[in-house]
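Below is one structure. I have some questions about it.
Should a chain be cited, it is by its letter among A, B and C, assigned in written order, with residues numbered from 1 in that chain.
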Amino acid sequence: MALLYPDRLFPADARGRDLARALFDSVRDLPILSPHGHTDPVWFAQNAPFTNPAALFVTPDHYVFRMLYSQGVALESLGISPLQGASSVDPRDIWQRFAANYHVFRGTPTRLWIDHSLQEVFGVDQTLSAETAGEIYDQIDRCLILPEFRPRSLFDRFNIDVLATTEGALDPLQHHAKIAASDWSGRVITTYRPDTLIDPDCPAFRENLRELAEITRCDTTCWRGYLDAHRMRRQVFRDHGATATDHGHPSARTANLSVTECETLFDAVTQGSFTPEQAELFRAQMLTEMAKMSLDDGMVMQIHPGSRRNHASDIFARFGADKGFDIPGRTDYVSALQPLLDVAGHDPAFTLIVFTLDESAYGRELAPLAGVYPALKLGPAWWFFDSPDGMRRFRECTTETAGFYNTVGFNDDTRAFLSIPARHDVARRVDCAFLASLVTSGRLHEAEAFELALDLTITLAKRAYRL
Amino acid sequence: MALLYPDRLFPADARGRDLARALFDSVRDLPILSPHGHTDPVWFAQNAPFTNPAALFVTPDHYVFRMLYSQGVALESLGISPLQGASSVDPRDIWQRFAANYHVFRGTPTRLWIDHSLQEVFGVDQTLSAETAGEIYDQIDRCLILPEFRPRSLFDRFNIDVLATTEGALDPLQHHAKIAASDWSGRVITTYRPDTLIDPDCPAFRENLRELAEITRCDTTCWRGYLDAHRMRRQVFRDHGATATDHGHPSARTANLSVTECETLFDAVTQGSFTPEQAELFRAQMLTEMAKMSLDDGMVMQIHPGSRRNHASDIFARFGADKGFDIPGRTDYVSALQPLLDVAGHDPAFTLIVFTLDESAYGRELAPLAGVYPALKLGPAWWFFDSPDGMRRFRECTTETAGFYNTVGFNDDTRAFLSIPARHDVARRVDCAFLASLVTSGRLHEAEAFELALDLTITLAKRAYRL
Amino acid sequence: MALLYPDRLFPADARGRDLARALFDSVRDLPILSPHGHTDPVWFAQNAPFTNPAALFVTPDHYVFRMLYSQGVALESLGISPLQGASSVDPRDIWQRFAANYHVFRGTPTRLWIDHSLQEVFGVDQTLSAETAGEIYDQIDRCLILPEFRPRSLFDRFNIDVLATTEGALDPLQHHAKIAASDWSGRVITTYRPDTLIDPDCPAFRENLRELAEITRCDTTCWRGYLDAHRMRRQVFRDHGATATDHGHPSARTANLSVTECETLFDAVTQGSFTPEQAELFRAQMLTEMAKMSLDDGMVMQIHPGSRRNHASDIFARFGADKGFDIPGRTDYVSALQPLLDVAGHDPAFTLIVFTLDESAYGRELAPLAGVYPALKLGPAWWFFDSPDGMRRFRECTTETAGFYNTVGFNDDTRAFLSIPARHDVARRVDCAFLASLVTSGRLHEAEAFELALDLTITLAKRAYRL
């Protein structure tokens, strides 16, 4: 039995399904552009084998372990180590636990992605369950030691044209350097993510500024030197392939203060005694500073706002960040982005890509803004909405106001390397289904749909991310 | 002519329709679990005949009279009595008025429910209208005097396995006692609803606390005694079958104060001079106290937040509460629930079921929260969203992030006894249609859809409500 | 090749499509009621030919130029004049620029509307593009000089029964007078739009009050005289056919102050020194005053809240208002409308039509409010949501709670005269598709769907707007 239904995610009516299939056939084998994600560059630098199925599919994937935790499975039992003391669970036990609970993923994109990886990458043809767990574990395990399952081989097999990772602004980027120096032709580029140098609420903020000073030899105790240090690091990142910056902020707030106000604010937040409002205002001002630097150096700017991080105090205390407890909240864009857009939003040479976790903003705020500001583009459906229904709602709620050409193609945004082809497969299918439905409802000509299928798969991402 | 189309609410495409029908056939005759509702236990205690069609369908049903009022029909003319003076409208006149306006319900779930009751319970086969009103009135009236149309007989005929009513915390529960002592085997259980003992803004709050003291012999003038009194009443409710508590609060706000802070706050709100913020904080703290008691006594906890009650001052002054003017508002869950979840959210033995009237929270807040906290489950589409499109949006916006297994099956939540089978019919059909669409779009295997149809109808409700 | 697909916007399944087509056939040739819009009455007063294709389709249409601007096309290059200095671009160049970028409108309603106008009004049968631009320009240009393409002829050809324009409260209404005095039978009525007399934040507010005094000979320096002046102007507007008022406010906030409070507030806002809160409160109070005047004079009241006007400072400074930078924001209705509804919401003789740019309010706030208050009706999907998916969401999110009979039919709300039949065509199709889907899913009988198609096209608009 095949895990995957060949016409999955296409419309239910025959005409729509046939057209969606034809559209998908025209783009299914095109190379993957992955301009935003969180895979680990060390995989491609060292090209060591992945260790075991649990370490590949379960322990590092927050989509997987958060759902299991919600059903009463302890994080430790999934191989997730507490900050104090390490987890030492047998990977076979982790896998068995995952398999026994695989039914809880029914209806989720995780299920689609993992079935896709199991079938397409490892040739698995039976549904994962308590009964099949052992056999499938062995099947994957046998593959992982083979050369064709090493990271670089999979990268080539996945037909990835370019893969962007994301590194903190202080990262030495040695893995990217090693990849570049190697004889492997895969294009793995970095992305400039300076959040921990920008967020005064980050516990290591002041320490990070000292480290920034050491690396750049700029005087990061003053506003001007601090900005210069950013400029230098952005240049270093560009030298390692980066075409974009990325900013994960609690809100989308931006500001446009005078230099004097900035200097005063900088002194306040760096001397360690500041109000929450000052911290928020500093982050806001820094988004505008990053936009101004982009006007100079041409880097694309991405804002990922709206996640309330580390919602569970106990989990954060015991396990640290990124353990499934980042919960979205209401996010305002209209007043929040105005100061930045006043400064940089009218320049067609600048590209600001905005994402959301608050779908009510698609039609109300984001599509109207992207439908008029030349610099502003909409990032694809993100995180909890990187899913068939999430993507469909994104298109339904933004296209009529912003069109297709103010969007930027797909981001897989993943930490799970094997999910990359699976996620692009889903995105291409959902887009083709949407285009087919526009044709069958008389809103688009068929030839235009084929053009758009190519644009949504390749052209828009290349253009937006300067690839 | 049949009022009801056999394939109603199924997908439009043939494959989806056929599969939805097969799924529905597998669950249509399963018993009804009704773990949350507002029918009157006196019906089953006394088993007296229902009096007339208007008293059965119109006067007590806020879905019905609010829509008629919106079209200019006076409440008095529908048999609704003002607080001062009683309404004395002939039930035939009420019925005629309802029938003459029946077209205004087109497209609403009320229309589906009433057509279902008319056809399935009373054998009516023509659409209600000014012309057919008299004949249908007579047809129903003739039934109501028959023994097989008494409440207990209908309960059995409806194949209700368990029916939960909702009583205020001070209720003597004599009707439940009488049912239990009777030779009738129907299972009618109560639910602990302590709002009027918890909300300092309730006009009778202080009087209610005095009454609570009398009933429990606890000292409800101090925090500790007040909590003890709740514990005792919860035990009494459990003795009358309750497995759950229910909390209808203006917001979902919770708090986690120290005992000293609680004592001070309790003194403030019980001595009659307090700020709106103190009232809100007290309600917030009490939700956490209820969660802690649930950790001890195993009761399931339900929160129904977000209704702005009694929006029309004049109607409230003349007719009192629950007269159709409870209007939803924006509701925050992410920061609101955090204090309670910090205390009790990680315990898989505790179940907290949360509902919403703010659909924008489904995908943004509720599914992400329920998709990670072991204790948190999502209640079904509620009130204004207990409808085909409302249920569909609930599934579409929550399943991809929270899955099916963090939901709890269906609640009919009704005051209208005859609507119970009608509402479960709608819910089962909509769920089967959704499952069928997942199968036809390749997101679920057919065998899994049959398992899920059973789970959504029976398993999840039984498990969540400890039935 | 036809630009338009005959079955456009109908359901994908055969049964739904056939029924939608039959429903649409029953209403497609019915006259157009346009009770709310922004066409220029001078067109019908003077009946001069439209000048050229660019002036007809591009320069005045904010839907068109905002999308082009978002793709980097300068406003000046589209014939839009800065406040300082006029644009003098050749209309052929504007048209060529528009045509070369026509693909960016794929998936938008603008594309549907313009294709409709090109095909149905001018007989164009090829898609607009850089290659076809010149030929199509010539084809339109040849038409525009013909008598049958003058405004009055098109009005008759479009089968418009009544067209409402919108004029500021100080407008002399000379064009309407001229139309009325002419031998042409077209019914063009005005609408009372007093925003610039009501909004203290309007730069010309005080100057406008002085002008109001001159026109009405009322003492607009005092509250009582100011209200009298409004009453007189409303009468003048009624004498020019107006049946409605229209209010475009930043929020839906209303107030119900005492006369003394009103007098004090009026003095504050008219003497030029007031807080933002006072300005907001004055606007709020004036909505209630307008409702009270409607109780007296029978005018229908429309509230269009929620647009954050002139988001881009630079565009506003250089080009003025209405240049595509009005962006929606979150809008509250529940608490905002309560004061007004307390005063006037229960009177079935009064009609208050409310619109929104915040779709999250449809199901949460607006449908529940309209589903119970006799005076309150829901305006159709507005502005950014005047589109196939926008209209579908409007019906899906409001019908189950408010029904169809608390809505008011369609508004085209357009400044683009040629888009009127195109927009009504879309609205009728989308409504028929929605009705067909209710029938095929067993929620409505077929005969009822035909009644509703007529009601949504004609009856509800006539009744709501007193036409």
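What to note about this one:
Going forward, contacts are C-beta pairs under 8 Å (C-beta built on N, C-alpha and C of every residue); 3 or more make two chains touch, one makes a residue touch a chain.
Note that this is a predicted model, so its numbers are computed, not measured.
The pairing of chain A with chain C is characterised as different-residue: of all residue numbers used at this interface, under half are used by both copies. Fitting chain A to chain B on C-alpha positions gives a rotation angle of 120 degrees, to the nearest 5.
Centre-to-centre, using mean CA coordinates, chain A is 40 Å away from chain C. Looking at chain C, one finds that residues 12-13, 360 touch two or more other chains. Chain A meets chain C in the complex at residues 11-13, 15-16, 330, 332, 334-335, 338, 341-342, 345-346, 348, 360, 363-365, 367-374, 376, 396-397, 399-406, 437-438, 440-445, 448, 451-452.
Across the interface of their complex, chain A is touched by residues 4-10, 12-13, 66-67, 69-72, 103-109, 111-112, 127, 308, 311-315, 324-325, 327-330, 357-360, 384-385, 387-390 of chain C.
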